[in-house]
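A, B and C label the chains in the order they appear, each numbered from 1.
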C-alpha cells in the first residue's frame, strides 16, 4: 500500500479526511444544531451564522455538519452490515454449493425482482422512521448485491489449486473459508463498497426527503430539504444549501471512490 | 422443443405469481397495528373489546393465516382488491385512476433516456478520450451525484417560478406539463447507459468480425448500425430490464415533487397511513409489471441476437 | 505486368516504423507466400494492402500499384469498392470471419449487395453454388449461424465468401494456423483448386514453411519488419541465401535421419536485414 504514487496517496487522504470530517465534525459545531431561536428566523449569511438560519432559527451550518454525520454514519453502517451479511452468505453459498446454494440464490433472485427504492420505502414505512430503521430497510435491498458478487468470486476461486491443496491437507471447511477465501473476496468486494457510499447517501437522503427516513429533530440533508420545501419561493437558500451539500459530497465520494477502484484494479492486474 | 420451452415459461410465470402473492400477503401482515382500529380511528376507542373482536371476525381477521390467504387470493381473481382504508373507494378504482399518469411519466422518461444516452454513448465511443468524451464524462459524474428530488425542485424554481415558461405542477395531458417531470426522472438514469453503451461499442469495434466486414467492402455506416450497434445493444437492453424497477421507484419521488396524481403518490399515502389493501395491490402490480418487462427484455434480446436460443439448446 | 507491385513500403505506428523497405511483386495467377515468425510484420503488410490497418498504423512511405492503379491515392469510397470485389481476405480466426448473430446466407447477400445490383434469386443461386464448390452442404450452411459450424467448415465458408465476386487477389492471412491438420490440407487443396480454376492470384501469409512450400510459386521471407529474401520457391528451397532463410529451412524436422536435437535458430543480433 505504501508504494503508491503521490497522486493516489492524495486521493486516499482526501477521501478519508472528508469522511472523518463528516463523522466527527458534529462534536465541534458552533451551535447546537437542534437549538431553535424564533427571533432569528431566516437570517442570511453572516460571520455568526456562516450559512444563515432556517425557519426555526437553527444555525444552518451546524445542521449541515450534524446532517453530514447522520448521513455518513448511516451509510457506513448500511454498507458494513450489508457487506458482512452479503459476503458471509455468498461465501457459504459459493463454497458449499448444492442445496444451501440453491436456497440462498432463490432468496437473492426473489429479492432482486423488486425495485430497491420501492422496497426501501415500504420497509421503512412499515418499521417507521428513525436511523436504525432506515439502516435496516436499505440493508434489505443491498445485501443481495454483495452476496451475488462474492458468490461468483468464490465459485471461480474455489476451483483453484491452493484451495484444493488446503482441502487435501485436511484443513477444515471453515478454516479454508476464513483464512484463504475471505480475505480474497473482501478485497474484491471492498472496491464495490467504496463506490457504493455515494449511492447509499443519496438513498438515505431520498428516504428522509419523503418523510420515511431520519426524523426530526435530527438533522439530515434530505430531511432539511423536506423542511425547506415549503419556503422555497420566499427563502430558496434553505433548500439550496442542503441540496448542494448532498450533491458535492456524493460527487466527492463517487470521484474518489472510482479512483480508488481504478487503483485497486491496476494493482490486481499487476499481480496477475 | 419450442413447445417445451413455452410450457416451462408458463410454469415459471405461475410459480412466480404465487410466490409474489404470498410475499404481498405476508408483507402487509407485518404492518404493526390493528387494521380495524386504523379503519375506525377514534370510534375504536369507544367500542368494547368484544365488539372489536366481532368486527375482526366479520372481516375474517381472526381466521388462520392460510385461510385468510386463500380467501384473499380468491377475491383477487374476482377483481376485488378490497377498499382503500383512506378513501373508502375500491382499490381497483383508485389504481385505475392513477396508473395512466405513472405509465405516461415512465414512458416519457424512457424517451428522454433513449434520446440522451444513445447518441451520447455513440459519440463518446467514436471520440474515445477526446474532448467530447471528457465533457460527457463530466456530465455523467454530475448527474450520478445529483439527487433527483433536488434537481426537480431546482428545475421548478428555474422554469416555473423564475422564467415562468413551464408549469410547476406536472400533468400528463399536455406536452409542456410532461417536460419537466419526464426529464427529471429520465436524466438521472442516463449516465449508466452512456457509460455502458460507450464501453460496449469500444469493445465491439475491436472484434474480428468488424474487420472481416470491412474487408468484404461493406459500408462503414452499415457496419456500424447493423453489426456493431446490434452487438453492443444486448447488455444495454439487459440493464434496461433492471432499470425499469428503479424507474417505478423514481417515479414515486418525481410524482411527489411535481404533485402528480400517480401510482407513486398513491402508494406513498398508503404507506404513511398503513392502508394495507392498497399496499398489497400496489406490490402485486409492481411485481407483475417487473415480470412483464423482464419478459419483454428477454424477447428483445432474442430479436437482437437470435442465436441465444439455438446456442442454449445446442449446449445441451 | 504483375497484378500487385509494392515498392519500398514503410508502415509506422505513431511515428515508429514497424515495417520497412518492403518490395513485393505478385504475378497474376500465382500463389505467393510471405513467410515469417510472429512479429515479422507479415500480417501488417497484408492488412495494409486492403487499407484495413488497425487504428494508429499508417503507410508512411512507398507506393502500391494494383492492376495499374495506385491504391494509396484513391478515396476510401473507391477502396471500399475494391475490397470484397477485387481484393478479398480470409483470416486466421475463422470465428471472426462472420458476424455471430446474423445467418451466414444473409451475410453473403450483404457482401454481394454492397458491390452489385443483382436479383435476389440469382444471388441465392450463386451463393448456394459457391458454397457447394467448397465442399459444404449448401442449404444447411446457408441457413446456419456461424457457431453452428466447425472450424474447418467455417474457414471453407469464408473462402466461398471471399471468392463470391471472383476477386483478382485473395489475401489469406494465416488461414490454416488455427486448424487441425486434416482441415489444413482441405483448405490448402481448396485454394489450389481455386487458383487453377479461376486464375485468381493468392497471397498466402504463414509461418509454416514446410506446408507452404508445396503450394506456393513464389516466396517472400520476412524478418523483423524487413523482406530479407524473395524469389521462386524452387530457387529459394535449392539455394537459400540469407542467414535467416537458411536457418528456417534448417529447422524443419526431417522425416528421415532425425537428429538427436532440433537445431535452434542461430541468428546474430545485428544481422543485416537488407534484402539479398
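Just so it is clear, contacts are C-beta pairs under 8 Å (C-beta built on N, C-alpha and C of every residue); 3 or more make two chains touch, one makes a residue touch a chain.
Please read all numbers here as calculations on a predicted model, not as lab measurements.
Within the contact network of the assembly, the step distance from subunit A to subunit C comes to 2. Remark: the per-chain Cα centre closest to the mean position of all protein Cα atoms belongs to B. In whole angstrom, the spacing between the mean C-alpha positions of subunit A and subunit C is 56. Subunit B and subunit C have CA centres that are 52 Å apart. With each centre defined as the average position of its C-alpha atoms, the distance from subunit A to subunit B rounds to 23 Å.
Here subunit B touches subunit C in the complex through residues 207-209, 211-219, 222, 226-227, 230-231, 304-307, 310-311, 314, going by the rule given at the top. In the complex of the two chains, the subunit B residues touching subunit A come out as 19, 23, 27, 30-32, 141-142, 144-150, 153-154, 157, 161, 245-250, 252-253, 256, 267-268, 271-272, 279, 283, 286-287, 290-291. Of all the residues in subunit A, the ones that touch subunit B in their complex are 110, 113-118, 121-122, 125-126, 128, 198, 202, 205-206, 209-212, 222, 225, 229, 232-233, 236, 239-240, 243, 246-248, 250-251, 254-255. Of all residues in subunit C, those touching subunit B in their complex are 50, 52, 80-85, 88-89, 91, 93, 95-102, 110-111, 114-115, 145, 147-148, 158, 161.
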